[in-house]
Every structure is written in C-alpha cells, then in structure tokens.
Amino acid sequence: MEIYWVLGIPLVGGIFLALWGSRGNAPEINAFFSLLTLIAASILTARIVADGPMIVGGEGWFFIDSFNVFLVTLTAFVAFTTSLFSRPYMRIEKEHSRLNDKRLRLYHSSYQIFIGAMLLALTTNNMGILWVSMEAATLATVLLVSLYRTPASLEAAWKYFILCGVGIAQALFGTILLYFAAEKVLGSGGTALLWTHLNEVKGQLEPTVLQLAFVFLLVGYGTKVGLAPLHNWLPDAHAEGPTPVSAVLSGLLLNVALYAVMRSKVLVDGALGNDLAGNLMMGFGLLSVVLAAFLIKRQTDVKRMFAYSSIEHMGLVTFAFGMGGPVASFAGLLHMTMHSLTKSAIFFAVGHATQSAGTQLMAGIRGLIKTNPTIGWGLMLGTVAILGVPPFGVFASEFLIITTAMHEHAWATPFLLTALGVAFASIFGKVQPMVFGETELPRLPYQPALTPVFMHLALVLMLGLFIPPYLADWYRQAAALLGG
Amino acid sequence: MTLSLTYHLQVINLLAALLLLISFAMLSQRRIVGLITLFAWQGAALSASTAIVAWSTGQHHLYYSAALTLVLKVIAMPWFFYRLVKKLDVDRDVEPMINIPTTMLIGIVLVIFAFNLAMPISQMSGTVMRSTLGIAMATVLLAFLMMITRSKAIPQVIGFLAMENGLFFAATSATYGMPLVVEMGVALDVLVGVFVLGIFFFQIRETFDSLDLKHMEKLKEK
Amino acid sequence: MTTGILLQIAQTLAAILLAPLLMGWVNQCRAWLQGRSAPPISQPYRTLRKLFQKDAVIAHNASPLFRFAPYMVFACMALAAGIVPTIANDLPFSPAADAIALVGVFALARVFLALAAMDIGTSFGSLGARREMLVAFLAEPALLMVFFTASLISQSTELPVIVQTLAHKEFVIYPSMAFAAVAFWMISVAENARIPVDNPTTHLELTMIHEAMILEYSARHLALIEWAVALKLFTYSALGIALFLPWGIAPQGDLSALPLAVLVLLLKMLLGGTVLSFMEAISAKVRLFRAPEFLGTAFLLGVLGMLIHFLLEV
C-alpha cells in the first residue's frame, strides 16, 4: 500500500503545482510534497526491513527489495533536502530576474514529476516500465536544464535531450532483446518482462541474445549514468541548469540509471554464467574515472568541475559493481550513498557561492570564508569529504573499493590511484582559494539555506565513523542481491 | 504455414523493404518538409505492417499499436511538425554536414552490418516475420546516422523519431510487439517528448534566431 | 522455328517503327502537363522524314568514323530492341538476350557516339562526350546491380528466363525488386538524357549532355541518331516492363497469346510514357555535378535490392 503513496504523492504534487502556479508559497508546497514523499518512503522502508522483499499490485507490477528500497529512501531524502535548498535559492534567482513566475511554475511541477518518475523507475518490476520511467525522468528535466533560456543552457538541454534520447533508444532495443529472450521461456504477454519472473528463469535465457541485450542496455543506461565516452551531456547539463537541478541530477538520476544497469546485470550474469557483464562495467567504469579525473584539471566553471567529479565517482561505483563479490558490491552501494549525499551538499553550497559572487567561474569566487563563513565551511567540508579524506564516509567506501581491486584486479589499482590523486590535487587546489582567498565581494543579503548541507555532511561523517549494524546488514543484503 | 500466411508475409516483407527505402530517402532528403512527409510515410508503412501481422497471426494487441502508430506518427506528429515548420519558417534547404553520397555509402555499410548482426538472432525467433529484424536494425542505424549528419534541430528530431520507428518494428518482427502497457508507455513518452521539443524549438528560435545547431557549439571542452 | 524467326523479325520491326510513336506520346503528354499546345503525336516521324530528305553537311576534318557512328548506334539499338522480350518470350535471338551482354551493347553504342563527338574536335563535342561518359560510368554499374538482383531471383542472367520466372510462375512479391525498380527508373532517366539529369530540349551549353555530342550531325545521320534515341527509350521501357511488369508477355510458343500481348504492351508503354512525362513535369533539372549523386543513389538502391534479397528471399 505504501508504494502507492510513494508514487502517488509526487504525481499529485506535480499536477497540483502546475495548477497552483507560482503563488508565493509554491516553494513551500513543493517542499511539503517532498516531505510527504519522504515520510511515505520511510514507512515503506520500515515495512521492507521488517517483512523482507515484497511484490505488490496486479500481476506483480511493483517489486521492492533491500536494493531498491535503499535507493528509494535515498531519493526521497535528497529530493526533500533539495526542495528545502531550492526555496531560498529560487527566490533569489527570481529577484535577480533570471527567472519569472511562469518558469518557476514549470520548475516546481517538473521537479515533482521528475522525482515521481525516478521513484517509479526504482520500484517497478517491469523492465519495460523501467525504460518508460527513465525516459520520463529525462523529459521532465530537459526543460529544467534550459530554465534560464540562455544560449548556453539551451545548448546544454538540447545535448542532454539528444544524447540521452539516443542512449535510451539503445536501452529500448536492449529491452526488446531481453523480452525476446524472455518470451521463449515465459511465454508472451505482460509478465514476461517482470524482473522477478526473469530472475527465476535467468539460467534458461538464451545467452547470445542476453549478451547482445546487455551491451545495448549498458550503453543505453550508461549514457545516463554519465559513463565515458558517452558523458558529454553531463557537464553541460549540470553547469547550465539551475543548481537544485544539478544537485538532483548528480545525486539521484545517475544512481537510478546505474540501478537499471545493475538489474540487467543480475539477469545477464545468471544467463551467461561468466564475467562478461562485470568486465564490461569495469572497463567503462575505469575509463570514466580516469578520463574525468584528467578533465577536472582543465575546468574553470565550478559546477562543471563538480559535474566531472560526478562522472568520476559514478565510474568508480560502476567499477565496483563490475568487480562483483560481496565486498565490492557493498562498497559500491556505500559509495553510491556517500556520493549522493556529499555531491548534493556540495551543489547546495556552490549554488549559494555562485549567487553571492554572481558568476560560476572559479576565478570570480574568492574568500567565501570571510564573506559568508557558513557557505565557505560547507563548501570546504563537502570538498574534503568528496575527495575521500577520512573520517568522512567516502573514504571508507573508496578504501574498500581500492583494496578489493588490489586483491582481485591488481592491474587496475595504479589507474584508480592515479586518477584519484589527480582529482584530489586539482579539486582541492581550485576550491582552496575560493574559500580562503582575498575578496571584496559583499555578503549574501539573505540567510542561505545551509541546513541541508550540514545535514548531508553530518550523515556522511557519521557513516564514515560508524555504520549502524542494521544499516550494514541492509547493505549486505542488497549486495547479496547483486550477486555478491 | 498456410498459403494465405505466406502472402501476408510477402506483403510484410514488401512493407519492410519500403521502410528501409524510406530511411534511405530520408538520408538523401534535403528539405525539411520533404523529410516530414517521408516520416509520415514511414509511419504509415510501419502501421500497415503491424496491422497485417496482427491480422495474420491473431495477436490482437498489435491492432492497438498499429492504431497508435497511425494516430501518432502518421497524423499527429507530421501535422505538428508541418505547423512548426510553417510557424518558425524554417523550410529551406538543409545542407547536411557530410555530403549525401558519402552518407549513403556509410548507410550501405550500416545496412550490411545490421543484417549480419540480426542474422543469428532472427534464426532463433519464432515469428513469421523474423527475417525483417535485420531491416528493423538497419532502420535504427540509418536514423542514427541521420541524426549525426544533420545540423538542424528538426531533422535531428525526425531522425530520433525514425529511430523509434525502427525499434518499434524490431519489437514487432522479433516478438510480435512488446507487452501492451510497455508500448503504451513508450508511445506516451514519445508524445510528451515531441511536445517538449515543440516548446524547445520556440525557445531555441527565440534565443538564436535560427534552428541551426551550428550556433550551439559553444559548450566544448577546450 | 519459322514462326520464331518471323516473330523475331516482327518484334524488331515493331520496336523500330513504334519507337518514334512513344517519343511523340511523351512529348505530347509533357506539352499538356506544361499547359502548352501539343505537337501532333506523329511529329517525330515527320521530323525523321524531313531529316532524311535533306543533304548531309559534314565537317572537312571529319574522319570515316564520324559517318559510320550513326549507323553503328542505330544498329546497336535495333539489336537491343530485338533481344529484349517485348511481345513474346523465348525468340530465336533469346540466347543472346543476356542482361550483361545488353549492357555491353548499350555501351558500344555510347562509345561510338562519344568518339564521333570528339572526332571533329569542337569544344562542344568533347564537352558532351566527357559529360556523357561521366553519366555512363556511374549508370552502368547501377544497371548491372539491377540486373543482378533480378538474376539472383531467377538464377539466370538471361532475360527470357527472368521473364519466365517472374511472369509465368506463381505470383510472389519480391521486395528486392521494388528497390531495383526505383533504381532502374533513375538509371533510365539518366541514360535517356531526360530531366532531371539532362534536358532533351535544351541546347544550353552549361547544361546539355547528349545534345552537345550530336551538334555536328545533320540530315540522315542526325535522323538515324534521333531514331536511335527514340529506340533507346523504347528499349528501356520494354526492359523495365520485362523486369518489373512482365505480365502479359506471351510465353514460349504460345501464338494465341500474341494479340493480347501486343495490346498489353501498348497500354503499358502509354502508361509508362505518361508517368515519365509527369515526372519530368514535376522535377527540375539538377546541376551537372549533382548527377553523380543522383546515379550514386541509383547504384545504392541496386545494392540494397540485392542485400534485401539475401535477407528476405533466400
């Protein structure tokens, strides 16, 4: 039952906000709907923790197990904090007349629809619907990326649409192939694409077809994960869209896309009985990590730089999942969580920093610690956290990933370490003057919404120091589902 | 296989060939309006072949997808695009980025590649029209090629939709179509996508005074 | 055997005599479609008669080749018209009616025409010859591809066998032939110097191809060439009919089917001429350097036809 709430609230919210328009309290309503979603998701999670996996609705339309419920909670949580952050942020944007009422209405409505689409993608049991909702999530965000209507933002949105559209078309072909293989075993009809059914018979699926299907699915959904060499849309979309959109794209959408890849991988592993899928993922993952790390060095735009850092981290997670096994999968899941929390916190801080400086160029942002100490500290701590400095949680997950890599795929460790080192040096070197440099910039005239930033960072710190046993159990279960 | 079925099959094969032919025509088409007309024809061929498959095999849900294709891709979208072209006044010759004979040659290579790729899969399929899977894949690849070689916004989107046509056809030829809810969902996405793009075109036009994407080459890694 | 020979002679003569009629019909349709008052359908015959009555003027530096070429061209076309199954199938010349040989016959005619055009040494002649060769060089492989597609279906390159397979066996739709048909149409347009590749009515130096080659000819030589041109159009039409609409061609040794075959042929020719003039009326001549693109497309369609054959029809 909770599942319907989880999916229904954002949908109703989206429609309501479209009708309500951008009256004064629309940001609060947006946050309120997000809060409701979070509550529903928490109840759902509690249910799953207590009762184990469940299949709901009709012929089994929804399927929730430890793996996706953890992502559902994460999604609902980050969606809520982002809506808190966007409240003051969007008001300022409006005051700077970068946005008007019409666009704010579009923003709020699309935001809810976007969250709803992601939640549907996570909870659906049908691989076809998974595709449909991934595409819906893309469509909901295209107009958000171009919200400012600047030439650059339109270009970014166009790139986003076309590249992700092409990518997702590949994924559709992969899904068709999957159905083709499934139909032979399960018979035709709506149930042949249900993941739970497929999972039961995965050993009987035709290996050659699934092999091809996985390549298409990986390339397709991988485009949305931002895996190199199909990552071109990602930095543009992140840099040109409004900051709350960058935060949810980076923190959530990439995860959901990777979730889709993982669901496919489980099936393919069962059918093929070899490491092909894992190896492919490791290859793409490693390439993304290395490429992104070296591209970070050249960035001048702060949001672009952190977008590349997202590519790097998603590459790392993909690599970890590709290695497989209980430890690596555990580390991958943990890193996914840490990255979502930290990266969205960073984007919140960056959003305020760029607003106060009036530019996204890093050269123009200086001495935050003097003008806006809280923003400065938020950005600094977030950066330190994402770079994997202990005791933050990112350190724990990166440490696990690298030690596993040393054991099982020693050849990859030099690449990983070099890439992480390069990323560390370039990001730290660029953020440091932004926070501590000399400046004449004025203070922000309003109270920045930094509660979400510190909330996220506190969670990351806590998980770095101590993972509660039930949470660890939960990750372990999820890791086991991924074939660990 | 009864005799009547083989006749259906022949017609389906003919329509499949037509689909491929239209894909090539799209590659060589220079005018946007011509492109839209071709797209409508492609939709018509797709819809007709789906309907014939539905009729000859008794897969009733395929009637729905045939009707959906007819309404969306033969009537609604071409109409929408015609209006858009008229409103935005963008029907001039579109010079593709690579000259057309070269594009066509690449196209032929893609077709051969697609046929080879599809061969092993179609042999496993149990549908009567399995051999058309290669054509479906070729259509997808050709549409992809069109997207790459065109620099204007509308041709790119038509390429995208043509790709979707190819995927639809692939689903029909390999498995008699996807489950109905999925097909509905895909159609809904496509519809929403086209409307989002419609809005988007106006935004681009407003900002750049043109729908030529050559203006949009600012965001590059230096 | 005697009937066979008689039929063969009858078919060849019919082709030669009817060819200007087809040309006249096309011109008439085109005039109608363009809203002009049409010349009578017999105009090509009158032109030929007029030309035959005139005295030939030949350049001083013309070699014997120049005089010889029109006869050669006409003979090639007459031979081609004789071996393509037009009314009846499997005539005595049939074993010669090999698709590849046919392409050779056309090529022979073209080589002589081009040589003759360069013989005098005028700039227009060489220019026309060069352009003609450019078109031919692209059209010929495309034509071969079309023939190959048909041959793959009937397992033979002999036209009578192809007709036999397509017309007199159980009716089957060959998607590959749809591609071949479009390709063939494009090639015919190019080879017969029609719009959009060439314009038979223009003498504009920038655009003309075929007309540039025959500028130096007059009187009976010109008449023969004009006749050969008409015959070429007729042969191509007959070829198109044999490959893509073969129904109605009388099968081997069936004399009773002949009257019907003649009637059907006339109808198809009328229809084909109408379509040709219609297509000419609605399209514009392309620039010369677009012609390779046009023919390249035809070639690709031919190749596609073959690929489709392998995919769908094996």
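For clarity, chains are labelled A, B and C in written order, and residue numbers in each chain start from 1.
Assume a residue touches a chain if its C-beta (ideal position, glycine included) is under 8 Å from a C-beta of that chain, and two chains touch if they have at least 3 such contacts.
Everything numeric in this text was worked out from a predicted model, so none of it was measured.
Between the contact lists of chain A and chain B, the overlap is empty.
With centres defined by CA atoms alone, the chain at the far end from chain A is C.
Relative to the centroid of every protein C-alpha atom shown, the closest chain centre, again from C-alpha atoms, is found for B.
Per-chain CA centroids place chain A at a distance of 31 Å from chain B.
Chain centres here are Cα averages; for chain B and chain C they lie 36 Å apart.
Measuring from the averaged C-alpha position of chain A to that of chain C gives a distance of 65 Å.
Touching two or more other chains at once is no residue of chain B.
The set of chain C residues touching two or more other chains is empty.
Shown for chain A are the residues in touch with two or more other chains, of which there are none. The part of chain B that touches chain A in the complex is made up of residues 117, 120-121, 124-126, 140, 144, 147, 153, 156, 160, 163-164, 167, 170-171, 174-176, 178-182, 185-186, 188-189, 192-193, 196-197, 199-200, 203-204, 206-208, 213, 215-219, 221-222. Contact residues of chain A toward chain B in the complex are 126, 128-129, 131-133, 135-136, 139, 142-143, 146, 149-152, 154-159, 161-162, 165-166, 169, 172-173, 175-177, 179-180, 183-184, 188-190, 192-193, 206, 208-209, 212, 236, 240, 295, 298. The residues of chain B lying in touch with chain C in their complex are 10-11, 13-14, 16-18, 20-21, 24, 28, 99-101, 104-105, 107-108, 111-112, 115, 131-132, 134-135. By the touch criterion stated above, chain C contacts chain B in their complex at residues 172-173, 175-176, 178-179, 182, 292-293, 296-297, 300-301, 303-304, 307-308, 310-313.
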